[in-house]
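In what follows, structures are represented as C-alpha cells.
Two complexes are shown next, each including subunit A; its partner changes from subunit B in the first to subunit C in the second.
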Partner chain A sequence: MSLLVDLILLSIFLVLFSYAIRHYRFYWNRTFGVQGEAFERFAGAYTPSVSILCPMRNEEKVASRLLSSLVEMDYNKDNGRYEVIAIDDNSTDRTPQIIDEYAAKCPFVKAIHRSGSPILSKPAALNAGLTFARNKIVLFFDADYIPPKDCVKKLVAPFTDPLVAGVMGRVVPVNPPETMLSRVFEIERAAGYQIDQQARHNLGLIPQYGGTVGGFRRAFLSDHGRFDPYHMAEDTDVTYKAYLSGWKICYVNTVECYEEAATQVRQRGAQVRRWTIGHNYCMFDYALRTITSRFLTFWSKLDGIMLLGVYLQPFLILSGWALGIYSYLFEPPFWSPLLVALFLTLSYNVVGNLGLFSEIGSALYLDRRGRSIWLTTLMLPTVLYYVAVESRGFIRAVLAHLTVRRRRRKAASESRTTVSKSEAT
Partner chain B sequence: MIEYFILMGVLLMMFLLAFLPGYLEYRAPRDSGPLRIDLSRPIEPRSEALRFRKTIDSFLKDQEWKQKSLWGQSVYERESKTEHSSLKILRTDGNMAIPAGSVVESALIVLGDLVSGENCKFNGLVYVKGRCQIGRHNELAGLTSVGDLSVGEESKILGFVDSDGVVRIGAGSIILGPVSSGRTVTLGGSCDVRRLSSHAIEIASRSSS
Partner chain C sequence: MTTLGSNRLCRGSWSLRPQGAHLALGLTVTVATILLLIAYVQVYWISQAELVSEVLRFARVPHELFLPVVGAKFLHAIPPEFVMDKAQFTEAVSLTAIIVLFLAILILALLRRLNPPFRVLAIFLLANAIVNLAYGILHPEQPALLQVDWLTSGVVIIPLIALMFSTLVFPIPGPLSTKLAGLLGCLVFSIVWSTLRLSLALASLFYLGTFSFMFLEYVPGAFVDFIYILLFYSLTMRRLAPPADTSQVEGTS
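Right, the complex of A and B next:
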C-alpha cells in the first residue's frame, strides 16, 4: 500500500512538474523568443466571402451592440460577400425583435429563430446557423463581444494558407473593475492568450480555437460533421478534429476583442465546471488518437496531450494533497527521509508554482499593464477555488463517460441479440 | 508561550504582506481599465504614414525648437525623448535643398518643397508638406509628402513611401515598406516593391487601374 501511494505521489509530482516546465517554455518564448506572424500583411488584401454567426439566447442587453459592430465592420459587403446570421436560440426576452429589426434594416443581416427546439445548446444553435451560411469562411461571435472594425479583415488573413482550417483571436475582458474577481479574471485571460496561445503559435504547437472571436472554413466544418450539439467544449472538440485530420489553427494575437466576463463567483464557477466536463470528455476521446496521429510532430503531440490534460491537473493537485497528508501521517514514503519529500515540495513551490505566475507577469509586461502585476498574488484564492470546482468537474466527467460507455455497450449487445433473434426466425 | 504567539503573528503578517500590493491596487486602482483596444481602427494601407503625420503635427505645436544653420539654410532643431530612446528632429519652414552625398541623421520636417541630390542618406523619417524630389542612389528610412513625390533611380527605402498626390518610383529602386498614394503610383521600369496601394497604378508606359 505504502509503495503504491508513494508511486502515485511521485507520478503526480512528475506530471505537475512537466506542466511547470511548459509554463516556463511559453513564458521564455513569449518574452525573449522570435515572434511568429499571423499573416497580418495580408489583412485587407485578402478578403474572401464571410458569414458571421452570432448565437443569442436572452441577450437583449447586448444584442444590438454586437449587431451594430458587425454592421459597421470594415469589410467589403457587396454581392453577398459578407453576411451576418443572428440566431435567436429560444429567447424569451426582446432578443428576437432586436434581431428582426436589424434584418429589416440591413440586407446582409439574416435572422434565424429557433423556438421549441429539443436541444438547447450553443453548438446546436451554431449548426442551425451553419445551414444558412453561404460563404467560404464562417466566423463566430458570442453576443457579449465587442469586435473592433478591423477584426474580420485580420481574422480571415490566415486563410491564405491552404492548411489553415480555423483562426482564433484574442479575448480581452472589458468589465469595469468593480469586483476583485473581474480584475483577477482579466489578468488570467491575459496570460492565457498573450502567452499561452501566442507561444504555441510561435512554436508550431497547438493553438486552440476558443469558441468565439474565430472561425473556420465552411468546407472544413461540412466535412467534419459540424459541431457536436451535446458537447460542453465544442471548441476543443473541433480543434482536435482539425489537427488530427492534418489541418491547423492559426492564432492571431492582434485581433483583440472585448468580452463581458463573469463577475460573480457562482457564475464563474458554473462556467469553469462546464469547461472542465467538456474538456475532459475531449481528453477521453482524443488522447490516444493524438499520440498515434501521423500528422503531428513529437512536440505537437506532447503539447496536444498536455492541453487535453489541463483540466485534469486540479484533480491531481487535490489527490496529491490528500495522499501527501495520508502518507505523512500514516505511511512515510519508502525514500522516507522527510528531507527529500520536503525538498521536492519546496522546490516545486518555488519553481513550479512560479511558472504560472511568470506567465501572468510576462503577459502584463507585454501589455504594458504595470500596476496590474500587483494583483498577481490575489490569484491564489481563485486558484484554490478552481482546484475544488475543476476536481468536481473531472469526477463528473469520468462518471458521465463511464455511464455513456455502459449504455452504449448495453445498447450494442441488445441490438446484437435482436439481430440474432431475427436471423433465427 | 508568548513567543509562539509572536512567531505566529509574524508569520501571518508575512503571509498577508504578499497580498498587500494587490489589495492596494484593488482599492485605489491606477491601472484599472481593460486593455485598450481601438474599436474604430480600420485597416488602412496608409496607416503607418498617417500615424507619422499625426506625430509630426504634435511636434509642430511645441515651442521647444532651437534655430541653427545647415547647408546655408536656416533650420530648427529639437530633441524628443521617449522612455527608451531620444530622437532628433530637424524642421525647415521653407523649401530645402540637400546637397549630393549628405547624410541626415535626424528625422526631417520640411514645410515647403524638398529636393535632394545624388547619394544622400536619411536615417530618420521624412515629412514634406510640399513636393518632394529624391535624387538617384538615395537611401531613406521612410517618407511621406502632401504634394507629389518622386524617388530617384536605384534608391533604397527601408519603410513607407506615401503621398496625397502622385508617387513616382524610379527604375531599380527597392522599397521595403508599403507604397501608397491618394492618387496614382507610377513605377518607372523594374523596381522591387513589396506592397502598392493607390487609386491607379501605372507601370512604365502602360497603365492599369
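Right, the complex of A and C next:
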C-alpha cells in the first residue's frame, strides 16, 4: 500500500514538475526571446470580408457600447465586406430592442432573435449566427468587450498565412482599480496572455483560441462542423479541431481588446468552474488524438497534452496533499518524507508555484505596470480557492463525461443512423 | 495604393535584453552558496542549533543539545540533536481535541461571513488541525521528525532561493544593488525564519504537546517559505520595474 502511495506521489510530483519547467520556459522565452510574427505590417493592407458575431443574453447594460464600437470600427465597410451579426439569445431585458435599433440605423448590422430555444448556450447562439454569416472571415466578440477602432484590421492580418485557421487577440481587463479582487483577477489575465499565449506563439506550439476577441475562416468552420452546443469550452474544442486537422491558430498579442474583469469572487468562481468542466471534456476527447496526430511536432504534442491537462493540476495538487498527509499519519518507509518534501518544494510550492508567479511578475513588468507586482502576494488565497473550485470542477467533468455526455453521444449517433437509414430508404 | 506598414514596438511585441553579466553573477552566487553549504553545513547547523537553544532557554524549555564534532567528512555532515525528556511533554491529546473543537466552532461560525478564498483557507487550516489531532492520537510522540526538518527545508531552501533570484530577477534590466539587496534580504529572512520555526516547534512540543509541534512542523514548512520568497521577489521586481509613464523603452522586438 505504502509503495503504491509513493508511486502515485512520485507521478504527481513528475507531472507538476513538468508544468513548473514549462512555466520557466515560457517566462524566459517571452521575457527575453525573439517575438513571433504579429503580422502587423499587413494590418490595413489585407482587408478580407468579415462577419462579426456578438452573442448576447440579457446584456442591456453593455450591448450598445459593444455595438457602437463595432459600428465605428476602422474597416472597409463597402459592398457587404463588413457585417455585424448581433444575436439576441433568449433575452428577457431590453437587449432585443437595442439590437433592433442598431440594425435599423446601420445597414451592415443584422439582428437575430432566438426565443424559446431548447438549448440555451453560447455555442448554440453562435451556430445560429453562423447560419447568417456570409463573409470569408468570422470574428467573435462577447457583449462585455470594448474593441478598439483598429482591432478588426489587425485581427484579420494573420489570415494572409494560408495555414492559419483562426486568430486570437489579447484580452485586457478595463476595470482593474475598481476593487482589490478585480485587480488580482486582472493580473492573472496579464500573465495568461502576455506570457503564456505569446510564448506558445513564439515557440510554434499551441496558442489557444479563447472564445472571444478572435475568429476563424468561415470555410474552416463549415468544414469542421459547428460549435458543440452542449460544450462549456467550445473555444478549446475548436482550437484542437483546428490543430488536429493541420491548421494553426495565430495569437496576436498586439491586438488588445478590453473587457470588464469579474469583481466578485463568486462570479469568478462560477467562470473558473465552467472553464474547468469544459476544458476537461476536451482533455477526454482530444488527449489520445493529440498524441497520435500526424500534423503536430513532438513539442506541439507535448504542449497540446499539457494544455489539455491544465485544469487537472489542482486535482493533482489536492491528491498530493492527501497522500502527503497519509504518509505523515501512517509510519511510512524512509523515502516517503523525501517524496513529500520534493512535492512541496520542487513541484508545488517553492519552485513550481514561483514559476507561475514569475510569469505574472514578468507580464506586469513588460506591461509597464511595475507598481502592481506586489499584488502577486495577495493571489495566494485565490490560488487555494482555485485549487478547491477546479478540483470540484474536475470531478464533475469526470462524472458528466461518464454519464450525461455518453448518453448524449449515444443518442446523437442513433439519430444519425436513423437519418441515414431513412435517406437510404 | 495600399502599402505595407512596419511592426510597431509596443508592449505586446517588445521583450527585454537580459543582463548577461548579472545573470552570470547570480549563477556564480548560487554555485558558491551550494559549495559553501556543502562545506560548512555542519557549522551552519551548529550555530543555528546554539541560537535555537538560547531561544529555548529564554522560553524556559528544558532541553539538552547534542552537537556533533565539527569536521565531519565532505557530504557526511551530522545534524545536531535536541533531546527533551519524554516525561516532560504535555500529554496533550485531550488539550489538542479542545483546541481543534474551539477552532472548528470559530471557523464554522465565521465561515459564512468570509469571502470564498478565505473560506477555503479556513477549511484548509481546520483540516490540518484535524489531521494533526489524528496524528497525535496515532503517534503520541515522534521527536525524530525534527531531524527531517533540519535536513530538508531549513537548508535546501537556501540554494533554491539563490537559484530563483539568479534566474528570475538577475537577468531583468536594473541596478545590481537592488537585486543583491533582494537576494540577501530573502536569504537572511529565510535563516531567521528557519531558526524561529525550529524554536517555536520545540517550545510548542514542550508546552502544548505533539499536536502543536506537528502543526508548526508541517503547515508553515514549504508554504511559508513560498510566501516570503514571493514577497521578496515581488518587492524586488517592483523596485526594478520602470515607471508606468516611461516612453523610452529599452528592449528588442
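Quick note on the criterion: the second predicted complex is superposed on the first by the 386 of 425 C-alpha atoms of A that agree within 3 Å, B and C clash if a C-alpha of one lies under 4 Å from a C-alpha of the other, contacts with A are read in each partner's own complex, and residues count from 1 in each chain.
By definition in this document, a contact is a pair of C-beta atoms (placed from the backbone, for glycine too) under 8 Å apart; a residue touches a chain by one contact, two chains touch by 3 or more.
Predicted model only: the values in this text are computed from it and were never measured.
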item	value
Partner chain(s) touched by A:P148 [first = subunit B, second = subunit C, both, neither]	first
Partner chain in contact with A:Y243 - subunit B first, subunit C second, else both or neither	neither
Touched partner set for A:Y281, first subunit B, second subunit C, both or neither	neither
Partner chain in contact with A:Y82 - subunit B first, subunit C second, else both or neither	neither
Touched partner set for A:A388, first subunit B, second subunit C, both or neither	second
Partner chain(s) touched by A:S69 [first = subunit B, second = subunit C, both, neither]	first
When both partners are placed on the shared chain, which of subunit B and subunit C touches more of subunit A	C
Which of subunit B and subunit C A:F227 touches, first, second, both or neither	neither
Subunit B versus subunit C as contact partner of A:Y251, first or second or both or neither	neither
Subunit B versus subunit C as contact partner of A:F185, first or second or both or neither	neither
Residues of subunit A contacting subunit B in one complex and subunit C in the other	41, 43-45, 256, 367, 369-371, 374-377, 380
Parts of subunit C lying in touch with subunit A, wherever the complex brings them together	2-8, 10-18, 115-118, 120-121, 123-124, 131, 134-135, 138-139, 148, 152-153, 156-157, 160, 164, 167-168, 171-172, 218, 221-223, 225-227, 229-231, 233-235, 237-238, 240-244, 246, 252-253
Residues of subunit B that touch subunit A when the two form their complex	18-19, 21-26, 29-35, 37-43, 45, 195
Contact footprint of subunit B on subunit A as seen in their complex	41, 43-45, 69, 74, 146-150, 153-154, 172-177, 180, 183, 186, 190, 256-258, 367, 369-372, 374-378, 380
Subunit A - residues contacting subunit C, complex	24, 27, 30-35, 38, 40-45, 170, 194, 198, 252-256, 265-266, 269, 325, 328-331, 337-338, 341, 344-345, 348-351, 353-354, 357-358, 361, 364-371, 373-377, 380-382, 384-385, 387-388
